[in-house]
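Chain naming follows the written order as A, B, C, D and E, and within any one chain the residues start at number 1.
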Amino acid sequence: MDPILQGKKLVKHYGRVVALDHCDFELYPGEVLAIIGDNGAGKSTLVKALSGAVTPDDGEVWLDGKRMNFHSPLDAREYGIETVYQQLAMSPALSIADNMFMGRELRKKGLMGSLLRQLDHKEMERFAREKLNDLGLMTIQNIRQPVETLSGGQRQGVAVARAAAFGSKVIILDEPTAALGVKESRKVLELIQDVKARGIPIVLISHNMPHVFEVADRIHIHRLGKRLCVVKPNECTMSDAVALMTGALDPDHAKAPGSSPGPAEEYLHSL
Amino acid sequence: MDPILQGKKLVKHYGRVVALDHCDFELYPGEVLAIIGDNGAGKSTLVKALSGAVTPDDGEVWLDGKRMNFHSPLDAREYGIETVYQQLAMSPALSIADNMFMGRELRKKGLMGSLLRQLDHKEMERFAREKLNDLGLMTIQNIRQPVETLSGGQRQGVAVARAAAFGSKVIILDEPTAALGVKESRKVLELIQDVKARGIPIVLISHNMPHVFEVADRIHIHRLGKRLCVVKPNECTMSDAVALMTGALDPDHAKAPGSSPGPAEEYLHSL
Amino acid sequence: MTTSADEAENIDATAAPQAEAVAEFDQQHSTLQRVQHFLHQIPAAVPLIVLVLSIIVFGLLLGSKFFSPFALTLILQQVAIVGITAAAQSLVILTAGIDLSVGAMMVFSSVLMGQFTFRYGIPAEIAIGLGLMAGTVMGVINGVLVAFMRLPPFIVTLGTWQIYLAANYLYSANETIRAQEIEEHAAALQFFGLSFRIGGAVFTYGVVLMLVLVFGLAYALRQTAWGRHVYAVGDDKDAAELSGVQTKRVLVSVYALSGLICALAGWVLIGRIGSVSPTSGQLANIEAITAVVIGGISLFGGRGSILGTLCGALIVGVFSLGLRMAGTDPQWTYLLIGMLIIVAVAIDQWIRKVSV
Amino acid sequence: MTTSADEAENIDATAAPQAEAVAEFDQQHSTLQRVQHFLHQIPAAVPLIVLVLSIIVFGLLLGSKFFSPFALTLILQQVAIVGITAAAQSLVILTAGIDLSVGAMMVFSSVLMGQFTFRYGIPAEIAIGLGLMAGTVMGVINGVLVAFMRLPPFIVTLGTWQIYLAANYLYSANETIRAQEIEEHAAALQFFGLSFRIGGAVFTYGVVLMLVLVFGLAYALRQTAWGRHVYAVGDDKDAAELSGVQTKRVLVSVYALSGLICALAGWVLIGRIGSVSPTSGQLANIEAITAVVIGGISLFGGRGSILGTLCGALIVGVFSLGLRMAGTDPQWTYLLIGMLIIVAVAIDQWIRKVSV
Amino acid sequence: AAQDIGACLITKTDTNPFFVKMKEGATAKAEELGINLKSYAGKIDGDHESQVAAIETCIADGAKGILLTASDTSSIVSSVQQARDAGILVIALDTPLNPIDAADATFATDNFLAGELIGKWAAAKLGDDAADAKIAMLDLGVSQPTVGVLRDQGFLQGFGIELGDPNKWGDEDDPRIVGNDVTAGNEEGGRRAMENLLAKDPMINVVYTINEPAAAGAYEALKAIGREEDVIIVSVDGGCPGVQNVADGVIGATSQQYPLDMAALGIEAIAQYAADGTLPQPTEGKDFFDTGVALVTGEPVDGVDSITVEEGMDLCWG
C-alpha cells in the first residue's frame, strides 16, 4: 500500500535552529499515526510543513502519489487536509460559527448569495451547533458568542470539531487534548476513532502516552528534528517509547518486547 | 493547625460569567494541595485571586492568619507567594536571566549599584544557570538568549525554576507540565517533592490524574466556580475524582472507597 | 487499554446532564449592567448616542439657526470628505493597520484627474477613471509593502504619505486649476458638488456617495466572506492565516480599496472646492483617524463598526459647526475636540471592561 | 504510584547525557548569515552602518564642503532638537506606546518658560524650572490616561496633542518674544544655544545635552532595573504585570520622563531660534517618529535601542543637509526621506527574519 | 439696528501674529460700530477646507459680510460665489482672490511691490557689489503659496534679477542666487534654511526672507558663525518685533503692511453696505483697494522711498 501523505527529507531552519533535519514521514490510508517526541524535537514543525503552514527549506511533500507544493494552509485544505494547530488558530473577536467556517463560508442561495455574496449565517450556525454537540461540547450555549469568551478547553474543542467536520483526506491534530479535561479528552479520543471508522487517516501529536497507545496504529518517534523510528503500540512498551524519544534507548534494541510486562503497567512504573 | 493560605467566599465575575462563586480554599503548611476540575471551572481564576493577579469582586484572602489585600502579583510576591501562571508570564524579547529576576533585580555592590543603580548581570546569570541546571534544563545553553527562542516546554521550565527559586511561603503552579515532555514532567514532579521537603507548601493545578495522585497530600475538587469537596488521594480513586469533578458523582457518595480496586488500575480503566 | 471505552461511556453518560452550564451560571444583573451589555452588543451604539446628544445640546443652545434642515444638511456636506476618507481608514484600521497616506492619496488623485484633463486634454470621464486607477495603484503599493514585505503599516504609510505628497507637488508644479475653467470644460469633475433639495434640506451627490459607501461597506463587512476575513485578519493575523484566510490577498484588497475610496474622495473634493488644488487635504489624515477613533473602532484591529465611523465623523462635524455658530474661538474648538476624543474612547473602554 | 520514582530515575539517568542539544544542532553558516546574526545582536548596528554609508556617499558627492568639520557639526546642531524629542519618543515607543504630543509639549513648555519670565517677571532660572515641571505634568497626564484609564496611547496623545497645542496658542496669545530681549533680560533661556569650538567643529550645549541624554538613557535602559522593566512592559504588558513589574508605575514614569525631556527640548529650542515662538515645532512629531523608526525601534514595543534613534535622527540630518547642498529641490528631500523610512525598516525586517 | 449686523472674519490661521493683529483690528472696529463679529481660521496655513466650512457657517448664520484672507485663492471662489448669491458682501483682505473680481472688494497690500521695495533697497545698499552678490532666498513653503511667490519675485525684480516664470520661485538661473530653501515662516525654519544655504556657500551676503520670524531665525544662524554684521537681511511684514529688529540692526529693511487698517476698513465697509448697500471702491488705477506698503529702514538709500524706524514703530502691529 502506498502512503497517502508522505514527507521526504524535509528540512526547516529557524535562524540557527534546525527544526527539521531531513525528516521522513509516511501516513498510510485509514490509520491513526501518532507522533511523539521531546519538547522542541520538531513535531509541530513537521506537521506544519505537511499542512502548508510553513514552507520547508528543502524536501518534498507527496499526497496520494502526487508531489504537492503547499504555500498556505488553505492550499492543503483544498486537498482535504485539515489541521488543528498547537497554538489554536482562532479569531478571538469572531463568533464560533464564523471561526468554524473561516475561509469556506457558505453563501445564501439565489441572487442574494451569487450577486450580493451574502452569507448564510443561519445554516452555518446550525451546522456549527450540530458539530459541537457531536463532541459533547454542550456547555457552549450561544453559537454566536465570540471565541474569546470561551475557556481554553472549550476553544480546543471548537478547533477539533472544525477539523473533524471538514477533513476529507487527512486530519492532523497537534496536541488536541493538552488543555482538555478528562471528559473532553475522552470525547476527542472517541472522535478520533469515529473519524478513523469513516476511513480517514489521522496524525496525532501528543505527550500523553496512554492516549497515544490507546488510539494509534503506528507511532512515529521524533527526535532531534528527524524520525528516529516507527513502532507499533502492541510491539513496544510505553517506557521503551519514552526511552527512545529521549535518546535513552537505541532503536535497534527496542524491537524485542518479549519478556517485558504489559504496556500499561510498565508505563505507570516509568512515571 | 491553621491554614497558611486561605480564601473565604471569593467571588469573581467576568461580565456575565461567574468564574468564582463564593469559593473557599485552604492550604495548610507543608502540604501539596492539588486543584482539579473541568475546563472553565474557575481553577486558574481561583489561584489568580489568591496571588493578586486578579482582584476578587468579593471575599477575603488570608495569609498566615492575616487578612491580605493583594492588588498585584508583586504584592503577593513580597509575602513569599510565587506563582507559575497557566499563560506563562514571560517577556519574549528579554533574556532568560532578565525574566527570572524581573521585578527583583540584583544591583551591583558598591557605588555603581547604589548610586548608578547598575544591575549585576553576572550574578543574575550565574544564579539563573544554576537553577535551570537543578531542573535538568541542560538543553538551554545560553542564559542570555531571548525567551522567545525557547520551545514551549523550555519556557515552562524557566517559569517553574523561577517560582521554585524565589518562593519562600507558598508556591502555586497552574498546569506546570501541560507543555512538557515525559522527562521534563518528571523533573517538575521531583522538584515539587524537593520544595515540599524544604517545608514550603505547594498548590498544583493539573489535568493529569496520575501526577496529581502521585504528589498531592489533599485534592481540592473545583466545580462550577466553587470548591465541591476535598479528598485525599489514598481515600479516593482516580475515577471517583473524575466523576466528582464532572458532576457524575455526588460528594456524599465518594467517601467509601472500600471494595474498589487500587487507584491506578481503576484510573486506567476509566480512561 | 483499548477495552476501557465501555466503562468510560458510563461516566460520561452520567456526567452529561449536569455538566451543561460550566461557564454560564446565571446571576441577577443590575440595570446599569444590562445597559452596558446592550451597548457592548452593538458597537456603533455609543457614538450614535453621543451624536444624538450633541445635536440636541447644540440645538438647545443655538436654537432654530442650528436646528434647521439647512444647517443640519450643511453638516453632512461638510463631513462628506472626512466621512469618505474615514471609511477608507476604517477598513485599514480593522485589519490592525493604519493608513497615514489617505490625505495624500486623495489630493494626488484629484490633481491627476484635473491635470489629465487640462494638461493632456483627455476627456474628463476618462481622466476621472485614470485618477481612480491611480488611487488604487497607490493603495496597492501600500498593501504590497504591508502584506508581502511584512512591514508595519504605520511605517509604510508614513513613508508613502511623504512620497505621494511630494510627488503630488512635483507633478502639479503647485498649479491650481480654477473652478471656472473646470465648470466650462470638464463639468464631470465637479459632479459630486451638484446638489438637490428636499424641503429646506440640501444634499450634494458627495453626501449621497458617502452614505452609499458607508452602508455598502457595512453590508460587505457584515454579510460577506471578505468582510469576515477583514475582521479575522485584524483580530489575529497568524490565526487567520492558519485557519485558511488568504491574509495577503485580504490585506492588499483592503489597502487597494482604501486607495480607491480616497481617489473617490479626491473626486468629491473637486466638487466641494470647485477647483483642483494640490494643497488641499493636509489635515485629512488626522481628521479621518479622529472620526474612526471617536466612532469606536479599535486601533488594534478586528473590533468596531464602520457605522460608528460615520457617527464619529458626524460628531466632529456637529461640534465644529455648533461651536463655530456659537462664535467660539477656533482654538477652543480644537481643545474641545481633543477632549472629545479622549472621553469618547474612555466611555467605550468602560463599556468593554465591565460587560465582557 | 508513589513507589515508581526509583524506576523513573533510571530512565532519566540514561537520558540525560544524550538529550543535551535538542534545540541547537550545529550547522555551517554562510558568511551572509553570520553578518546577519551579528547585526541582529546589536540593534543599533544597521542604522549606524546606514549613517556611515550616507556620510561617505554625500562626502564623495559633495567633496570637502560636506566633509568638513563645520558641515558635519552643523548636522549635529540641526539634529539636536529632533534628537532630544526622538529620545523621549523612543522611551514611549519602547513601551509599545506612541507619543503624538511631543511637539506640543515642547513648544508649550518653551512658551511657558518665556512667558513666566517676561509676563510675570519671574527670574529666568525659576521660570525654566517651572517650564520643566509643566512639561513633566503634561507627560504625567498622558501617562495616567494610558496606565490607569487603560486608553490606547495613540488616542490619548492624539487628544492631548490638540489640547496642549490649543492651550499653547490660547495662553501665548500668539506673541513671540524676541531674541534680543531675551538676550538682554534672560540669557539663561538661551543657554543651550551657546557654542564652543574644537578645531573647525562647532558644538552647542544643545548638542551636548542631546548626547548626554541619549547615552544616559541608553545606560539606564540597559543597566538598571527600571530599564529592563520598560522593555518588559513593551514586550508583553500582561506578562510583565504577572511577573511582578509595576507596569502602571513604569508607564507613568516613562510618559512623565517623555514630558520632561520634551520640556528640555523646548529650552534647547529657545537657544536655537533665539526667540520664544508659539508656532515652532509643528513638525516635531513626525520628525521624532521618523528618527525612531529609521533607528530601528519596533513600533510594537520592547525591541530596539535608543542609540539607534540617535543614528536615525542623524541619518535624516545628513540626508537633508546633503541633498540641500547638492541643490536638490526641497520636495525631493521629502520624497527621498519617505523612501528612506521604508528601506531602512525593510532592511531591519530582513535581518530579523533570516537570523532569529 | 446695528446689533443685527453679523460679520465674519476668516483668516488663514489664528496663530500667525499677522492674522492675530488683523482680528484685533476687526474686533475693535466691530465693537465700536456695534457689529456682531465672529472669527474663523484654518488650522494651518493652507487649510482650505476649514475656510470653506467657515463661509458656509456664515451663510447659515445669516451674516451680512465676510472678510476673508484666502488660503487657496482660486479654490475658494465657488464658496465665495455662494455667499455673494446669498446677499453677503465678501471682501478679500491681504490676499486677492483669483480672479480678483470674485470678491466684492479687495483690501490688500501689494505683495509684489513689497518685495520690489526691499529688492531695490538691497541692491542700492550694495551699490556696485550688487553685481556679484550672493543671495539666499528663504521662502515660505514647498507648495509655493501666492503671497510667497509675489514677495520672492518682487524682491528679485527689484534687485535686478531676471525672472523665470513669475508665478513660481526657484526657476531663475542667475548665478548670484545661492539657493532657495523653505522656512514655514517661523524662526526654526529660518535658521535651518539659512544654515543649509550657508553650508552650500558660506559667503552669502544678501538674505531675502519671507517674513520677520524667518529673518530672526536666519540672523541666529549667521550669528552662530559670526557673520551677522556683514550680511544684509531683508524681509516683509512690519510687525512690531520685526520693526524692533530693524532698529536693532537684525534686519536691514522690511516692507511694512497694515493688517489693522485692512480689517478696520473692511468692517466699516460692511457696516456701510448693511446700512445703504454701497459697495467699497478700489484705489484708482488698481483693481483693489491698496492699504499701502512702506519700506522701514534705519539706513535709507537714494531712489527708494522709506520711512524711519520710529515712524514704523508707530504704525506697527503685533
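Simple rule for what comes next: a contact is a pair of C-beta atoms (placed from the backbone, for glycine too) under 8 Å apart; a residue touches a chain by one contact, two chains touch by 3 or more.
Bear in mind the structure is a predicted one, so any value in this text is a computation, not a measurement.
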Chain located farthest away, centre of subunit B as origin (C-alpha): E
Of all other chains, the one whose Cα centre sits farthest from subunit D: A
Computed distance of Cα centres, subunit E from subunit C, in Å: 38
Centre-of-Cα separation between subunit B and subunit A, whole angstrom: 29
Where subunit B and subunit C are represented by their mean Cα positions, the distance between them in whole Å: 46
Distance between the centres, which are taken as Cα means, of subunit C and subunit A, whole angstrom: 40
Where subunit D touches two or more other chains at once, by residue number: 1, 4, 8, 11, 15, 19, 21-24, 169, 329, 331, 334, 356
Residues of subunit A engaged with two or more neighbouring chains: 15, 17, 38-40, 139, 149-151, 154, 183, 186, 210, 214, 242, 246, 264, 268, 270-271
Multi-chain contact sites of subunit E, meaning residues that touch two or more partners: 14, 44, 142
Subunit C residues within the subunit A interface of the complex: 1-2, 4-5, 8, 11-12, 15-16, 19-24, 219, 223-226, 228-229, 231-232, 235-236, 238-246, 302-303, 356
Contact footprint of subunit C on subunit D as seen in their complex: 145, 149-152, 154-156, 158-163, 165-167, 169-170, 286, 289-290, 293, 298-300, 329, 331-332, 334-335, 337-342, 345-346, 349, 353
Partner subunit C, residues of subunit E touching it in the complex: 14, 38-41, 43-44, 46-50, 52-54, 56-57, 60-62, 71-79, 98-99, 142-145, 168
Of subunit B, residues touching subunit D in the complex: 53, 72-74, 77, 83, 85, 87-94, 98-99, 102-105, 107, 116-119, 136, 138-139, 141, 149-151, 154, 162, 183, 186-187, 190, 210, 213-214, 263-264
Residue numbers on subunit C that touch subunit E, as the complex places them: 65, 68, 70-71, 74, 77-78, 81, 169, 173-174, 176, 178-180, 193, 272-275, 277-283, 320-321, 324-325, 327, 329-331, 334
